[in-house]
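Common to both upcoming complexes is subunit A, partnered first by subunit B, then by subunit C.
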Partner chain A sequence: MKKHTFRKHKLEGTDKMENAIVMKNVCKDFKILNRHEGLKGSIRDLFSRDYKTISAVKDVSLEIARGEIIGYLGPNGAGKSTTIKMMTGVLEPTSGEIMVNGLVPYKERTKNSERIGVVFGQRSQLWWSLPLIESFRLLRDIYMVPKKDYEEMLELYRSLVDIEPILHKPVRQMSLGQRTLSDILAAFLHNPAIVFLDEPTIGLDVSMKAKIRSLIQGLNAEKNTTVILTTHDMGDVDALCKRIVIIDEGKKIYDNDIEHLKSYFGSYRTLRIRHADDTWEERVIDETKEDVMDVIMKKQKEQKIKDIQLQEISTEEVIKKIYENSAASKESAAVSDVAEKKEEATV
Partner chain B sequence: MNMRRHLALTRAGIMESLQYRLGTAVTLFANLIYLVLVYFLWRAIYDSAGTDVVNGMTFTDTMIYLILATALFNFLEMFVVWDMSRSIQSGKIILDLLKPMNFRTYTFWSYSGSHVVLFTLTFIPTFIVVMIVTNGAIPMGINLLYFIIATVLALIVNFSMEMIVATICLYTESTWGINIVKETIVLLLSGASIPLAFFPEMFRKVVEFLPFRAVYDIPLTILLKKNGTDTLEELLPMFGLQLAWCVILTVAGILFWNHSVRKITVNGG
Partner chain C sequence: MSDTTMTKPKARRGFGFYVRIYRKILVQDLKSKMSYRADFVISTIGMIMTNLSGFVTFLILFKNFPSINGWDYYHMLFLYGFSLIALTPVQCFFDNNWNLRFQVQSGDFIKYCFRPINVFFYFMSEVFDVKGLGQLAFGIGTLVYAWVHIGIPVTPLVIAKLVLFLLTASLFMIAIMNAAAATCFWIVGSGYVMVIMFRFKDFAKYPSNIFHGVFRILFTFVIPIAFVAYYPSLAILESENVPVLTWCAPALGVLFFYLSYKFWMLGVSKYDFTGS
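What follows is the complex of A and B.
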């Protein structure tokens, strides 16, 4: 089985559609009305033509190969969802090019839909009052999946997760975890080339998260499905993604291996010190700036140390640093902006 | 054309509607109350008119017409506008737009199942009751077949109107007002609340060419064989009017939607 998928992958690799997704200099601007406050403002808004343009995505270029699992990260409002909506074809880029499975998604949205699957956070595409199996049958018919392929896919599902308890349960009676699981299964049902998972593990308990991660991994391995995953849970990233892309303020700020990430922004380590009163102190140290030994010695002079631990920095810490850095640079930019304006005013 | 997708949607729609048995029962009960009100209202109108026949209709004619119009309304009533505005606000519309089917076709067939259920559970029982109570006032014959055809056309006209109003809601963001206006206009001008025969002459002449009549008045006129509508010369203009509005409203609806959906794709949901 493994061998077979590998060969299939190679065959596809030889044709010109080597990449599942190619984005070139993609930008997306939104025009929104400048709203005013208060009753007066609201009335003014009725007749207002005062629009402002917001750039949600700025000049993003990206290539995603078949079979990759990409972690697409960024703080809230960074433009992740906008990018995904452009890849699926529900949003049209303001400029730049996107090719998904060799199609321009927004021009051929319906055709593109046949070969992608989506899970959008807390929205469900399942038929609320029907048992899950009915949603599956319906999706099978809507996507024109041959009976044999459908049965095979259900077999695969059975081998990866225990679907029997949820298969005959109406979706509205499911727990959030069961519903998310079902939605992911539904997204993979027509064996799409690409699946977009927008925050699939949001609000789930630890064991359900683990289940969903291993499911995604299993499906990716068996079907060589390209997976684009946006999440705020670094556990998802660590478990699933080899490569991550980070965007902030609509700009791509990182695109590389997850291993590379830890050394990319300085070589960080976490130092944990246990004091005499058994409390732990934690500090992230940038080894390019200060030496770990110096820090320990300095601490030891101040007080007694009972224990020391030195850890590799976690992905979570690195990402946090990256977000904070970019927020800080934004703030300093804003400050200098204000300063300039003040200068102008005094002149 | 392969109907696999469409029939699958109908099937799911039927199953979904059957989940709401209680809802159907409540609808039937509400109808009963409404019809009692209609009965006394028209009883009073006929009593004060002093004649048995008003505008060419007897009291029984009027009652049969209005009862069947109500039953037809229950079955034709669609919630496209509500559902769409809700899915726009929640962002769920994206999932519908990402189905590998034309959005309009997808929407139409998603509702088809509930039409089948409501037709069977509300229209047919009402029809049978009226038939028994009036003891043969409804002619039984080929008109039943014509009625079915007219009802399918009415359904398409009604869906097209719903879709156009739903598309308007993409712009306004508020749905309630527009939908109420639409429902009132349709109910009044289609003959669903007052038979068109009661309208002033001039007004009626205009209304007869509008699409609203194609939804309720034409199917009912055909069913009840009013004004001798069993001849082809009488039937053809009515089917012609329905067909013409089907085509006009469908084309207009598609053009309007294709233009407006760009509002979503250009400026987000």
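What follows is the complex of A and C.
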């Protein structure tokens, strides 16, 4: 307890070891060359200045404490993977600062990679033709994991998930689910301080998803590993994340507890109605605008209702609302932009 | 908080470390290749046929020109064998260069950048091409045959020179292919570059004095094909009048290799990791 308060009072510069990750005003632009066809075209491209710039990440600041599991969310193309690539040191930020485990990842990529693990869903990093156990042994040597720690980690794996069926299988013969599972296990093998999981449950069936969620939870609890998780599956978020960060078009638009987010939409309810033919109808209702009883009454006049359920708004709905709001605010900004332009023109 | 999060001082990853890792990957890889027996047999046969057809072409050519620029049959055979051996390391250990552009374009290349080891090493270690070994056997056979007929004395010094200059020669070819492969970090149609460079290796088995003017300079200093067999082999074939370029070859080989490695790594640092 004492330690905790002490930590809070530390100066900004000195807390770099306390936080797993600190990002300050990080931006990432991609310069895209307008490419030309063929050999001649590619030679022309070498000297071409015909660029357009894409801002993938815009002014993102973030602090992530040790042992947290963070849901890093956002619609397609929001800049999640780009952020992870910067945190892992493979991309250099265009501006701003990043500290990962007290290191500047881009400048000390090799040193940084000793203490992180990375999984990019559907893109295996294991040796394709080797049985999983041989991949593990190679990783043990590459990361110079002491034998005892390695054995302990394997024991932990065995206690969390049934690894025997995949341990002696070459990766190329594995199903997508088995491969993802293997990749996650491989990412935790050297007991890194931080593990980045970019869409680890993409394309997996319900039971494999559940298995992977409980594995991540177990490893996080046992090893206090910080986990940065990007996903489009709110089931992952519900199962794993207390805190979520949402970005849209490269800008951070939300950063707080998930409960806080739900209370933000506290007046929203999901109303589920079962009709006579046993089909369920679902509707999100804002209680400040509509009365739930009114809605039910109106429905009842139209047709027979067999059953009613009233639920707190789901994470899925909340996130959808946030994306929609963000898109709507952009649209209205665009509209007012146009309006302004018009005014200018008439003046 | 747990002390596992503290940085532990770790042993350095030196030369020995990399040799050990490479050996382990190699052993595992060979084991798994053997388990696909049909594949293994077919690729071995294919390799023998390729070498055989190259050899036959060479013989036919020689029936028509019994001597090229003062080089007789056995000297030409020597050069041919020498070039086959010198081309083995690039084939065996650096064959993954051929996959580079696909991995770079698809974004799969990113995986090589997440490990605390040298990216170039990690990338190359992934593929060991067994086909190169047949080429090696073929090359050794040809070289020994020519050697005996020319009547070069076998002394420890000559053997040491042979090994040194074979290594030198292979460094040049590795450098050429590294540089050619690395162009994919900048240009999209880089497949051409690799294929053209790989074709150039066929010139290695001819004495470079058959080239004149611009080509002589091009194949000596720009795309150093003349160093893949011609200049290094003169260290063995000539007893006097060894050209200066031959003596410079080992140092130049190391330099070219180093430059190609730097160029390759520069490509990695400039690459923006497409794909999500």
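By our rule, the second predicted complex is superposed on the first by the 279 of 347 C-alpha atoms of A that agree within 3 Å, B and C clash if a C-alpha of one lies under 4 Å from a C-alpha of the other, contacts with A are read in each partner's own complex, and residues count from 1 in each chain.
We adopt the following convention: a contact is a pair of C-beta atoms (placed from the backbone, for glycine too) under 8 Å apart; a residue touches a chain by one contact, two chains touch by 3 or more.
Keep in mind it's a predicted model, so treat the numbers as computed, not measured.
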item	value
Fit or clash - subunit C, subunit B, common subunit A	clash
Subunit B versus subunit C as contact partner of A:Met293, first or second or both or neither	neither
Subunit B versus subunit C as contact partner of A:Lys223, first or second or both or neither	second
Partner chain in contact with A:Arg66 - subunit B first, subunit C second, else both or neither	second
Touched partner set for A:Val206, first subunit B, second subunit C, both or neither	neither
Partner chain(s) touched by A:Leu91 [first = subunit B, second = subunit C, both, neither]	both
Which of subunit B and subunit C A:Met144 touches, first, second, both or neither	both
First (subunit B), second (subunit C), both or neither touched by A:Ser113	both
More subunit A residues in contact [subunit B versus subunit C]	C
Set of subunit A residues, in rising order, touched by both subunit B and subunit C	30, 85, 88-91, 109-111, 113-114, 116, 118, 120, 123, 125, 127, 129-130, 134, 137-138, 141-144
Subunit C-touching residues of subunit A, taken from the complex the two chains share	30, 35, 38-39, 41-43, 45-46, 66-67, 81, 85, 88-91, 101, 109-111, 113-116, 118, 120, 123-125, 127, 129-130, 134, 137-138, 141-144, 170, 191, 193, 198-199, 223-224
Complex contact set, residues of subunit B against subunit A	2, 4-5, 7-9, 11-12, 15-16, 19-20, 90-92, 94-95, 97-102, 262, 264-269
Residues of subunit C that touch subunit A when the two form their complex	1-2, 4-5, 7, 10-11, 13, 20-21, 24-25, 28-29, 32-33, 107-108, 110-111, 113-117, 126, 186-190, 192, 272-273, 276
Residues on subunit A engaged by subunit B in the complex (per definition of touch)	30-31, 82, 85, 88-92, 106, 109-111, 113-114, 116, 118, 120, 123, 125, 127-130, 134, 137-138, 141-144
